[in-house]
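Here subunit A shows up in two complexes: once beside subunit B, once beside subunit C.
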Partner chain A sequence: MDHPPSRAAFLHCDRTRALFPTLLALCCLAVFAGSWHLAQIQPGLLLQADSRQNMARFIAGMFPPDLSRDFLRLLVGPLVETIQISVMGTVLAIAVGLPLGLVGTASLTLTGILNEFELAGAPARRLARALPYACARGLLSVFRCVPEFVWAFMFVRAVGLGPLPGVLAIGVSYGGMLGKVYSEILENQGMRGCEALQATGATRWKVLWYGLVPQALPQLVSYTLYRWECAVRASAILGFVGAGGLGQQIELSMRMFNFHEVVTLVLLLFLLVAAVDFLSGKVRKGIV
Partner chain B sequence: MWAAIAGLIAWSWRGTRFDLVGLLSADGAGQMLAYVRKLFPPDLSADFLGKVVYWSLETFAISLMGTLFSVAIALLPVFPASRTLAVSGLLFERDESGRPLRALRIGCFLGARAALNLLRTVPHIVWALLFVFAVGLGPFPGVLALGLHTGGVLGKLFAEVVEDIETQPLEALQATGASRLQIFVYGILPRVAPQLLAYSLYRWEVNIREAVILGYVGAGGLGQQIQIAISLFLEQKLLTLILAIYLMVTLVDYLSACLRRRLL
Partner chain C sequence: MLRAKGSGVYRLEHLTKAFDGGVIAVNDVSLKIGAGEQVAIIGPSGAGKTTLFRILNLTVRQTHGTLWIKEQEVGALRGAALRRMRRRIGTVYQQHNLVSRLRVLHNVLAGRLGDWSLPRALGSLLAPRAEDVRAAREALAQVGIPEKLWARTDVLSGGQQQRVAIARVLVQRPEVILADEPVSSVDPTLAQGIVGVLVELSGTFQTTLAMNLHSVDLALAYFPRVIGFRDGRVVFDRPSAEVSDDLLAALYAGQTETAPEAMDTPDGSPSVTSCLPPLRSN
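Showing the complex of A and B:
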């Protein structure tokens, strides 16, 4: 026989439910306070006389920007190098990310309609497929989660100064990002067409090439172009650790306290990024 | 078009002296392998691990506070920086305010946009150098740098989100006599809040990586230690630090994905 739940039980239930948000809020507050403390946030510091003076000096030193012909001519080389590093880095990133991303696409290699029949009741074969899948995913995550800056640092040590470590750093870390996003894009495509292809006896490559790629191409291209835009920004920064490009000049000007040169460099970087945005927009429209 | 792309790639290939054969040859690969071999085994002594935990928390704190700061910066000008709220559109159809007031509003709009552009254009590492110069070494300049740069990025995104919502419900609110502030609080905020939150969380994931970079110019945390470890050839410590970065980044990605799923 069912008894209606007592009022006390109701209240208890309500109370635990009300407790959870409170706890969560307390946790958030604790994290906030802890972070505030750890990050040594002292807004008062900004208002102190000498830090105000320092900032004023910095800002006064920025004007007028250095637009002398000599300096501008000096920048042509690094500017070109920055573009080249970003392009080559993106190409390398595709070369790294595409194969790993394909192996890491579960709907292609492991689960879903395409693999149901092949893998049902064949644990050995399932393992043989799952292992490369897990390896590809793990590798992509390592590539991606170590920032490109750190990669560049290490490549400078491993292969020396110059544009090459910049290319390798962007290639590896952006390869990780591209691979992950490629596999996500491919996994989100409808698989019915692919199943129809498979039913006609198409191999996996053909299913990929004729079934998946045509569907996903606009998204793949669009994301790759977006990454190229990011790569331009990144390659300008990587110069800080000696990986060529504009960053090296920014660092030099900073260390020499030539802030009027820094302004020119930042302006140049802005123009470059705007130009690349424009260009990649054009390409996107042309392809998609 | 394809020819142009191929040309661009070929030009870059030559320009960066990218040498695939040299890289994969016994010499090039050997050099890299030798470096990798030096990284092992990672330094896992309890003493060092304790410090690594502290630095990791510091990096986490920088990224979190920087992101919160940037959200505050981005929210401030969201009103004047949104075209539909400040300048034109359905809300202004029956606008009877005089010329000077209109000019003032357009001025505010342009000013807010220009300020956001400025914040965004200056790379965070340059901001960091400025603040290291002003307030000295430590995580605080890192927080300020992250906050300003990301504030510019988020500000633009926030304004775009606000511009993209339908204006009809807002007009209905306006017709009831709601002030602009009330329209914002009751008509706009509830609808854009999830998206703003999603963007902020996404930027947090980016910022944990950036926080590492900022360490290079003296803004504390793991980045600074990595710079030290690389400069002093402490490769085994370097590997531990890289593992810590990997964990932190994965943790923040996971946290942000969780929060997004719960809150949206």
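Showing the complex of A and C:
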């Protein structure tokens, strides 16, 4: 503290910061304009007679949906498999995301009131905490930046066709998303309660379970359930690369140009997602 | 541990806390607080009192100077030793700092977290033991709200939440109680009640009590010793009987909103900036 910055430098710094939102808004505008141009957005194209007729033909070809008993019976297995893939995938995602997310929560491991006393003036200790933090964050971004169907593609090569590669793919990529969002939810909690818990002599684990988790529980549960819903939909895409479930059936029917069957499958998927949404809504209401 | 009156609980030597931006919240403070003493700390807002309390309860570490608690130098404490020392200091905060989504029971029992193992703590969240429930109810009875034991904390009023925070300290059974503006968010009648309860408890259990107070009247009425704190420094440290109007006027000079009479002080130079911690190099 030999040369603290002058008050003038302080004010200047604040003024620069105040400009930040404006600059950010301008950047967003520029990105939007550029994207509009580069992505060749031409809404008119959708309304041309040609495209309209093609679409109408395609949709008309799908009806009526195939509701024959034989076909429906055939779907029971894949339907159950889809549910299993989504549930196990989400469980695995929690198992991957929660520990990494906790290590990657700065307010628990690195900064703020919970680390103030132990890390002040201790650069070596700070570094010892910063390394796992950075590793966890890095791992989480790798997990979620690789799309789930790429993971599925790799896991199909590794463990063969079937539901397992689907579970692994969802577990890894959604684990990355859950971990990232968990850490953000936890970092955004008010720390006053946690400060008081720490002051009673509680370890950071106890502060986590008595302070942070109870406070953040509705958000944590809500986001996890949303991810489960996404996993149901994702399992359809993953089926395309051989990871089982309804998706594999959709792919099969499409390849055989059986669009009546495709429509049945899509409807089934829609009902499944709606059911999951309904269920998670009930759970969310229970935890307020 | 010696608990005889006169033996030191706190010894501060040239304690200074400078924040990264260069703001110095606590500036070269030296003082002693003896076992069983009851001390009020008063002064304008922004004087650095809260930072001082955070140093005293081992939440924030000073940048310079030495802090002794019970003849132990605490600056180098880490890990388990640090937590053992924190466990002996109970804190009541300005905004009660409770976990609002937990039941009152668990907020009160959080006072035991320093003693409990992690499995014991987690077990208590799931299925609290009968003896712990009893202890929590007794503590709540002492602050007058035993019926709120099973209520969720966020349905309580501000005053009730502050009582829960005091019950948490009772369950913690600390040797020192620090109270940081414990009554600034409750109405005046309740404020008197809460300060009274804390002073009485500290008297009954021979617990050392240090309290930050906005209200000069409460400080003078309840505390034998009063410390005036301003701009991170101790301005005066006297028995309350010796705290004169002149001392108070000087302490609050320029603080129009807290002490209007201070505007008339002859020494003058009231300025808005005096409520900001000064920027200076050491």
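Throughout what follows, the second predicted complex is superposed on the first by the 227 of 288 C-alpha atoms of A that agree within 3 Å, B and C clash if a C-alpha of one lies under 4 Å from a C-alpha of the other, contacts with A are read in each partner's own complex, and residues count from 1 in each chain.
Here, contacts are C-beta pairs under 8 Å (C-beta built on N, C-alpha and C of every residue); 3 or more make two chains touch, one makes a residue touch a chain.
Please read all numbers here as calculations on a predicted model, not as lab measurements.
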Message: Just to be sure I read the superposition right, which of the two partners does A:Leu161 touch: subunit B = first, subunit C = second, or both, or neither?
response: neither
Message: I'd like to know which partner A:Ser51 touches here: subunit B for first, subunit C for second, both or neither.
response: first
Message: Quick check for you: in the superposed arrangement, does A:Phe149 touch first (subunit B), second (subunit C), both or neither?
response: first
Partner with the higher number of touched subunit A residues, subunit C or subunit B: B
Query: In the superposed arrangement, does A:Leu139 touch subunit B (first), subunit C (second), both or neither?
result: neither
Field: Touching partner for A:Tyr210 - first (subunit B), second (subunit C), both, neither
entry: second
Which superposed partner A:Ile83 touches (first subunit B, second subunit C, both, neither): first
Task: May I ask you to decide whether A:Leu98 touches subunit B, subunit C, both, or neither, giving the answer as first, second, both or neither?
output: neither
Message: For A:Leu252, using the defined touch cut-off, is the partner it touches subunit B, subunit C, both, or neither? Pick first, second, both or neither.
response: neither
- request: In the overlay, answer first, second, both or neither for which of subunit B and subunit C A:Ala196 touches.
  value: second
Task: Starting from the residues of subunit A touching subunit B, keep only those that also touch subunit C in the other complex, and list them.
output: none
- request: Could you please specify the touching residues of subunit B with respect to subunit A in the complex?
  value: 1, 5, 8-9, 11-13, 15-19, 23, 28, 31-32, 35-36, 57-58, 60-62, 64-65, 68, 121-123, 125-126, 129-130, 133-136, 138-140, 142-144, 209-210, 212-213, 216-217, 220, 223, 226-227, 230, 238, 242, 245-246, 249-250, 253
Query: What residues of subunit A sit close enough to touch subunit B in their complex?
result: 31-32, 34-42, 45-46, 51-52, 54-55, 58, 80-81, 83-85, 87-88, 91-92, 141-142, 145-147, 149-150, 153-154, 157-159, 162-164, 166-167, 233, 236-237, 240-241, 244, 250, 254, 262, 266, 269-270, 273, 283, 286-287
- request: Using the touch definition up top, name the residues of subunit C that touch subunit A in the complex.
  value: 18, 21-22, 24, 57-61, 63, 78-79, 82-91, 93, 95, 97-102, 106, 110-116, 118, 121-122, 125, 165, 168, 172, 279-282
Message: Give the list of subunit A residues in touch with subunit C in this complex.
response: 1-7, 10, 113, 116-118, 120-121, 192-193, 195-203, 205-206, 209-211, 214-215, 217
